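Multiple structures are listed underneath, in structure tokens.
In the two complexes below, subunit A is the common chain; its partner is subunit B in one and subunit C in the other.
Here is the complex of A and B:
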């Protein structure tokens, strides 16, 4: 009797197990159906106060003409977007992907080249890319096809504490259109007089060096060929970075929170990176009115060197597995590539500075920003953005950045520069399988 | 005869039916992916465009400097951290097993508690403890042990030491529980006899406790070694492999190969099999050395 009972129990267990599998897959099917039906779009992006907010505002604007339109934003951190995308595409489970996703510009070329059929070619989609900042369009162009609708600007800025500069006898204008040698000269003087360094960075992060590299219109690849150990701009940029660290005008910290902490607490009197940093700069309300923004220094003695560059930033991509491709394209075209109102709305709260030219005419762009002592920072940054040199980051961008970051750390701790860069080059070559 | 055979058959069938669901699930969710990964490790290419290349991925590992660095780091953690942790765990277990100790439950809980914290959150707490202006530097400066703050996580050797300290903090309590369980099984009269014969505390630890705990020591060292070989969370969250890849673990390198860099799943799978082979060899040697029944 007992045996019969146990057999019965096992059978019951197996049946419920299979049953639950069945219902689970049914549910999944149902979910997919509701997602792709009619006028709804699913979007992956990651920042509640920034890109998610912008997306929701865009939906409100689109809904005015398309009352049935529904937008479902799924908050997905960038690392997860990359992991989920890679997993879904390589396993063939593309049903799990959204209609639109936001991608870091650093990863655009890599993902588009690796999975060319996963993203919609927007070149002839009716979206006018000539109205965007051209350096942004260049980043999402692979094999002369444009895949991404540019979103936020990564235009590089130098943000400085004017009160600290004043104590040392300088103003923000002393930093405008200068070279790195001049910058280091002033920074040393400020350090001597006030004991406050002007810059900080995350140890091992190559962001600042890469920013200098782009300001000279070059990158780690020249066509398909690695361009590291024989790249004069890179050699110069590393020299500058090493001097910044050695002269103590730049403090190295270990992670992002500590980095933001350095200027929020006033231990460091400036920040130099993409303009999105200005949202973090404003975190300490006590420093209101004590900041100003200008362009970045340019590399000395390097051909094509400019005072403009870009760090970070992101773009919207439409997935070709989406059943509402046309709706997704139309939505992006009428909002992020066609609505001054949208960019004007999101600017004050999110500080998301547009890379779409006409947006700069919005009234909010003319605001004299109180935190920055009444400077019209948004207008200035849009102007800087027009001068950022065009480069292509390439498929092996993360490999090259990591290798250069490693090389910088080694050079600072005493390794010979040429040897460290040769090693970086061979590391990247190895990872490329060459 | 026939009836006996029938019962036997019936019994074994029922036995099989009992283990069948678990076996099927294991086959489906564990063994099938392992086989697929093995197949994958013989393929190469970027993203979706892969093709069979034979043993090329395995040969490639011989020339991969970053892989060699990550193996060196992982073995450094392994050789230093596992013995330290297990010795501390035994000592703690012996102390906590003392019948004269008061508040036993409190101490046991306190030492075991780190093990219940999430891997990510404790790594983040250690990161801020060891920051340049963090608590550890503050204490060392106030007590005049050092004059200038040490940038723990930005220098290769201090960063490795911090990872070892973090791992020891997190896992000692976990291993201690095993030893405590083992100690409960040792007859107190053996210790009494030893005491009468004039054995010191250290002698009875060496001659009684450790030999009788041998199966437990074997178990904990195998789990600790395989855990350390698969180390990921701590290095990812504490140092992110830096500075200059001096703390990167093998698992983090596999993650980078698959998700941070242009995905090379074939090569990543091959590196994973290298870890599997290392765990298998180390566990096998330990069982041969440790098991003398």
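Here is the complex of A and C:
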């Protein structure tokens, strides 16, 4: 009897569970599940405190003139955005894609080139791209067509602990508009006097070198041609990086968490990358008032070298599979490309610094930031952003970056620089199918 | 001290060191769940005072209850389904005779070498055409037949006394009855091992749920944890708490079933 009862219970459980298989799970189900209709839009982006917050604030502003407008923000980590997009487009099941998605600038050109019919050409959409920082517009321009509405700035900054500098007899002004050779000279002195290195970096990550490269207005491609082993700015940038490591003024760590930990815990006295790092810098409230920001050093002896660059950042793209393309364009045009109020609202909470020129006139951009010793950092960063040289990251950006990262590791381990860069070039050419 | 005692002492020292190394990540995770983010980054391994705050932040940031329920629902469904299907398949591969069964079985084993990423897009295309996107059935189907489980049950069926099957058949028992009333109880260790392996694998499944279940309300725990690390600033204390919570069901399943797990993996029949 017991056995029969057990079998009966198992069968009942299976029937119940399999019965639920036929039904959609808590959503509309099937094709077009995430597609919006009427006055609603679906957006994919990934940071609750940053871009999701910004999108929701944009919706509130748009709703003032369009009370029926609805926005459905789906939290989707960047890696997942890329996986879902690739799977949907490759399989032809585009019904699951949203109306708008946020994309990392580093991946923009490749996605647009690989899936040109997936994204809406916004060149003649009515959005005035001349009001954005032109280096940002250049990153989402493919074949002279603009596909992305720029969002957050990746303007590069040097953020330093003023209390540590003070112990060594320096101020933040000693780092303003300097060259890399001067930076290394001061950093060595700070290390000698305080025993604290100024910088840290993830081993194998080419971010710092790529930042130096863009500051000189060049990149790893010249048109379609690979520009690595014969690129003077890249050769110089690698020399600078190797010198930073060998002189121990830059500490290499294994991953991103350790990288953030180095400056949060006081193991190093600074961070040099895109301005979005300032949110992580502020994580340790005990360091309030002890930080300041300035521009980055420029490469010595390199033509067109500047003290300005960009790392990271992202842009909004409209999907051509959207049933509400016009609404999506109008929404982005009236908010991220047309509302000073939006940027002024999101700045204090999210530190999302605009690349849309008029946003810089918002009152919050003039705030003296307490964590940074009363410095008007937002105003300063907007100014730096205006000077960032335009470059095109190109289709094989990630491949080139990875190859350069590997080459740097080999050079630091003792491999000849020319040989390592030739190998990097061969690797990228192989990946390009050339 | 005799040679034997020295040997035992060395053995215990080695085992203690290996145990500490194995348990340290788990210990560090639990300690980190009670600390603030900067303390985690600083490598603090002592208990902190921030457990309640981390819990409060986690509940404000993410819908943990819904993600746990989703993970639980999908894992139980796929575990029950896969153990049922794979046990029957493993039994059939061993007990019934067909000329090509070994060839088919070898093909199945070879298919284990194909990474899921390679079959993901064709599967997604197929499921899209079958209108199974965002459906629980679409989620479960690829996990219902697992070569590893079929292999495990076939191994178990190999050591299952065939004379029992023959006697049962002579006594007039049907094939389903033989399977349910003889094979299942006698090889219960294998079922235990199968349930443990399938539950853990399905609970930790990330890629397929990510692309097949597109709705935010269908998020599983691995997806929720991935979301917590996707921002520009990560709260590591909160993250470690979420990870600690997410491993609880697998720990409970393992602790309940561990007694029979090793015997099941080795295919023992009692």
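Brief remarks follow.
We take it that the second predicted complex is superposed on the first by the 399 of 434 C-alpha atoms of A that agree within 3 Å, B and C clash if a C-alpha of one lies under 4 Å from a C-alpha of the other, contacts with A are read in each partner's own complex, and residues count from 1 in each chain.
The criterion applied here is as follows: contacts are C-beta pairs under 8 Å (C-beta built on N, C-alpha and C of every residue); 3 or more make two chains touch, one makes a residue touch a chain.
Here the structure is a predicted model, which means the values were calculated and not measured.
By the touch criterion defined above, A:115 lies against subunit B but remains apart from subunit C after alignment on the C-alpha atoms of chain A. Look at A:419: by the touch rule set out above, it reaches neither subunit B nor subunit C. In the superposition on chain A, contact of A:264 is made with subunit C only, not with subunit B. By the document's definition of touching, both partners, subunit B and subunit C, reach A:83. Of the two partner chains, subunit B is the only one touched by A:253; subunit C is not. Looking at the shared chain after the overlay, A:96 reaches subunit C, while subunit B stays out of its contact range. One of subunit B and subunit C touches more residues of subunit A, and that partner is C. Looking at the shared chain after the overlay, A:284 reaches subunit C, while subunit B stays out of its contact range. When the two structures are aligned on the shared chain, A:368 is found in touch with neither subunit B nor subunit C. Residues 3, 7, 13-14, 17, 79, 83, 90, 257-258 of subunit A lie at the contact with subunit B in one complex and at the contact with subunit C in the other. The touching residues of subunit C, when paired with subunit A in their complex, are 37-38, 41-43, 61, 70, 76-77, 80-81, 84, 120-122, 124-125, 128, 131, 133-137, 139-140, 180-181, 207, 210-211, 213-218, 223, 226-227, 229-234, 236.
Partner subunit A is touched in their complex by these residues of subunit B: 10, 14, 17-18, 21, 44, 46-48, 63-66, 127-128, 131-132, 151, 153-155, 239, 242-245, 256, 258-265. For subunit A in complex with subunit B, the touching residues are 3, 6-7, 10, 13-14, 17, 79, 82-83, 86, 89-90, 110, 113-115, 203-204, 252-255, 257-258, 395-396, 398-399, 402, 405-407, 409-410, 413, 423, 426-427, 430-431, 433. Taken together, the subunit A residues at the contact with subunit C in this complex read 3, 7, 13-14, 17-18, 20-31, 33-34, 46-50, 74-75, 77-80, 83-84, 87-88, 90-93, 95-96, 257-258, 260-261, 264-265, 276-277, 279-280, 283-284.
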